[in-house]
Amino acid sequence: MTSTDSPSAILTISCDDQPGIVASVSDFLFQNKGNIVDVDQHVDREAGIFFMRVEWEINGFAVAREEIEAALASIIEKFSMQSSLYFSDVRPRVALFVTRDNHCFYDLLSRHESGELPMEIPLIISNREDLKPVAERFGIPFYHFPITKETKQGQETAEIALLRDHEVDLVILARYMQILSPQLTEAFPNRIINIHHSFLPAFPGARPYHSAHKRGVKLVGATSHYVTEDLDEGPIIAQGVTPVSHKDTVHDFVRKGRALEQSVLSRAVWLHLNRRTLVHENRTVVFG
Amino acid sequence: MTSTDSPSAILTISCDDQPGIVASVSDFLFQNKGNIVDVDQHVDREAGIFFMRVEWEINGFAVAREEIEAALASIIEKFSMQSSLYFSDVRPRVALFVTRDNHCFYDLLSRHESGELPMEIPLIISNREDLKPVAERFGIPFYHFPITKETKQGQETAEIALLRDHEVDLVILARYMQILSPQLTEAFPNRIINIHHSFLPAFPGARPYHSAHKRGVKLVGATSHYVTEDLDEGPIIAQGVTPVSHKDTVHDFVRKGRALEQSVLSRAVWLHLNRRTLVHENRTVVFG
Amino acid sequence: MTSTDSPSAILTISCDDQPGIVASVSDFLFQNKGNIVDVDQHVDREAGIFFMRVEWEINGFAVAREEIEAALASIIEKFSMQSSLYFSDVRPRVALFVTRDNHCFYDLLSRHESGELPMEIPLIISNREDLKPVAERFGIPFYHFPITKETKQGQETAEIALLRDHEVDLVILARYMQILSPQLTEAFPNRIINIHHSFLPAFPGARPYHSAHKRGVKLVGATSHYVTEDLDEGPIIAQGVTPVSHKDTVHDFVRKGRALEQSVLSRAVWLHLNRRTLVHENRTVVFG
Amino acid sequence: MTSTDSPSAILTISCDDQPGIVASVSDFLFQNKGNIVDVDQHVDREAGIFFMRVEWEINGFAVAREEIEAALASIIEKFSMQSSLYFSDVRPRVALFVTRDNHCFYDLLSRHESGELPMEIPLIISNREDLKPVAERFGIPFYHFPITKETKQGQETAEIALLRDHEVDLVILARYMQILSPQLTEAFPNRIINIHHSFLPAFPGARPYHSAHKRGVKLVGATSHYVTEDLDEGPIIAQGVTPVSHKDTVHDFVRKGRALEQSVLSRAVWLHLNRRTLVHENRTVVFG
């Protein structure tokens, strides 16, 4: 989990497990004088899938930045890898979707401001105007897309166009209180992160704190996951819980859940931005 | 959460919330020179229900032990209280139901042996014989009731008779792998405690660790609850979670869950034995 | 832990434990038609001290708001109580002290903005100017008191005067990186809350994450406490931990600690603002 | 964290970080048809040390079990590695040291019985006779070494001889209430595991729950660590915490701590037995 000040290349790989993968990648980096900063690997033995994330310094590496992909091509082809190459100095462009609750919104903005979250935030989108003043305070363009059952399809189409105009890599739903339709989720596969205010799969859908209170649970949870077509069913990135008791009203559940939601969401976003999440089918490999 | 060496009386109360309850009970104890060891109260404002647990020393109390109920009668009647009176030196008689997994079983036996859990264990019941040697090691009678679909009804009838013969107050399902039928759950309302190896209501029913693994959760949980007719739906007493990752197989989930199950179950049993749990509808008030 | 929309009175009490306290207070409220919203009590048996917090609705109460203290006087005198009376609609006036880290600062400001933390923030004080833009964004006056060894005494004297001018009830050190001298801590006894970035009493003093990393701990912690003359030795209000591993550098400890510090500090502040903390000697009773 | 039914070889390595290590080891296994079951690596960049644990199936491996060390010799020499080679079907021989508390003792015995902890327990050593009946119940030889200041030296010498006679690989102090002298700790470097009932480095030494209660902490902890000459200062393997409140007496701290101590100790022991802990200076790398 090291970060260095000098820029690094990050390669993520998944492929069928087979002999020689690590030896090949290691040898490639060794031969090209790659100074490895961090490496993680995992084999899902049941599914027979190999996962790897390796990060090495660009400075001193024998292959020029723009030629790395080509240099890796034969290895990638040989093992039929799905792979992605990133550079730590190219910060992902992120759109925040918000509605009315401000806690996750402020938390992401402050972590962005402090440099903890390496991202650009070219725009904020909301179905309401409540948080417009906050966006303005931070000098980030705020787009208001009011949504009704009738306008949803059209508004989402406009949102997608806007996200593409801004070359957005990642969408974060920071307590965005609208269900995305498939056109939007399919436009950004494994690139929309949501925070759901329950310990999924318990209490999916609307008003999870109310359901949790009714059930009489002794812990409330929060789950950050990639958004798929199936509501609250996408690959889980991070989860947390906090204790509650019979003394807590639904209002207290909501209050106690806030700090939890912030912390779980910001952890998931950090992991994604640092390319530490790999998705296979409906599960994540998280190289924390 | 104080315990004293001298015996104490414990009164638990629930009733419609109304003015004067605490004043009446406090005054009763004050007038009779009751030295209060511990007192807890709670009002569920939504439901309008008042809950109280008060514990006081018997030594020095102006009312004789066997006359306390009568002395309280007018207060209980006035406020239409549901109430129970216990004495700390009368240890509940507990039957342990087990199947094959030994971890919760050993944990309860060792906490009983060390004096942490104030109970008698007159008998152990199992649908298998695997843990008979453990019962023998501890010198506790072990009854084997093999159960098939056909014999279930009859065997449970026999179990109920046996439990009554032994004047059992509480049944603990210490990873007992049989679903109880209504005749058994109704015979011991709010007096059967189960440990379910998931964070309920997530993953009810069979093989929760398998389901949790398939879903790709990042925490596994355990839930101790009173058993009702509805499987895994009874009032929750205690819950806990422990982190897991993509590296963990189902086998690892099971292993990591063991310490959690032990700790959640023994906490719930301790709370029950010390009369710190009150049930209203399908939720508990836990005066921990 | 209930809050109602109508204003309430909150009485906190501590005194030597003795018979009749609860009966007296309960009777006082009952006789005056006080609708109790919440009540908690605790007896520290070792020290022989009784603690109580009771909250009741002002509407409908037979004693006028400004006459409650006088009406209680005989009870308070009888039991030699230390007591405080608050009203839920009188919001404490809070000064935030900050230095450079923005995470706790933003967290408190956003919880204030959302209404979670019932307080006024008339001013912000800092020994640096880094966070002045944040204060300005929120429209809160920012006072810069640069501090050197030579100027400390004088600057703190000026700060105390400023805090008194603004009728400040509570000071929150939101990662304020200066040690307060006795003149300041004594001016606000049990009214200065700090967040220390370790699980106290482990790693007191400067650079706790560095020390924790060096020691090779597997959890990092945060502690919120009242500030006393003895650095990091004051009464603890709330604590939390988060897991770390050998993979984490000191930089990662710092990052992972941020969400924890926010959550522990905001919990402690919420408890204080709602008058749920009572201090006796160097420990707190927290009626959470 | 996978385990297979077929036996595996486990190699642990630490050495100065340098290019080519992973490539060399990977290539060695690849060339010899090693089916890797699990691999973990870590670089401590500050110290410049490389750590690795790799586990592969013996079945099908081209090098015979007894020749693996020789086959690895050139790699080990080339990189000046400190290395150990283990086989999963050779179970470590473990001595349990106990005194009076039975909870960790029973927990280890039950996990041993269920097969969770892959070890042999040839003997139990105690400075008291309290737990002799438990040892007898499990049919494990129990040796009583009463210890006074005068006899300590001699008794420990006898213990060391006994441990060597039984070819003991690992000593577990399962709430053994005697401080080991250097002759014993030096005889088993990084092979004595202790459970200390606090969140170290807070509350080292005797009676940590009493100190924790006096300090008014809101969480109590437990720490499992390798024992070194410096009391409670050895490399930490695992830590945990559990919440406490002002309601808890020291007696409650002790009770709540029990489940925690069990769970933290058994986790540490499992990690050690599966060769997932590497020690460098005073810290552990834990490949959990």
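Going in written order, the chains are labelled A, B, C and D, and every chain counts its residues from 1.
Operating definition for what follows: a residue touches a chain if its C-beta (ideal position, glycine included) is under 8 Å from a C-beta of that chain, and two chains touch if they have at least 3 such contacts.
Please read all numbers here as calculations on a predicted model, not as lab measurements.
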**OP:** Find the chain most remote from subunit B, comparing centres computed as mean CA coordinates.
**Re:** A
Subject >> Selected pair, greater C-beta contact count between B-C and A-B >> reply: A-B
**OP:** Indicate the whole-number Å distance between the mean C-alpha point of subunit B and the mean C-alpha point of subunit C.
**Re:** 37
Original post:
Per the centroid of Cα atoms for each chain, what is the distance between subunit A and subunit B, given in Å?
Top reply: 41
Subject >> In subunit A, residues with contacts to at least two other chains >> reply: 2, 45, 247, 249, 288
Subject >> Residues of subunit B that touch subunit A when the two form their complex >> reply: 42, 44-46, 199-203, 215-219, 221, 235-241, 245-247, 249, 282-286, 288
Original post:
Where on subunit D does subunit A make contact in their complex?
Top reply: 2, 19-20, 22-23, 26-27, 30, 33, 35-39, 41, 43, 45, 243
**OP:** Write out the stretch or stretches of subunit D touching subunit B in their complex.
**Re:** 1-3, 101-103, 105-107, 109-111, 113-114, 116, 137-138, 247-249, 251-252, 255, 258-260, 262-263, 266-267, 270, 288
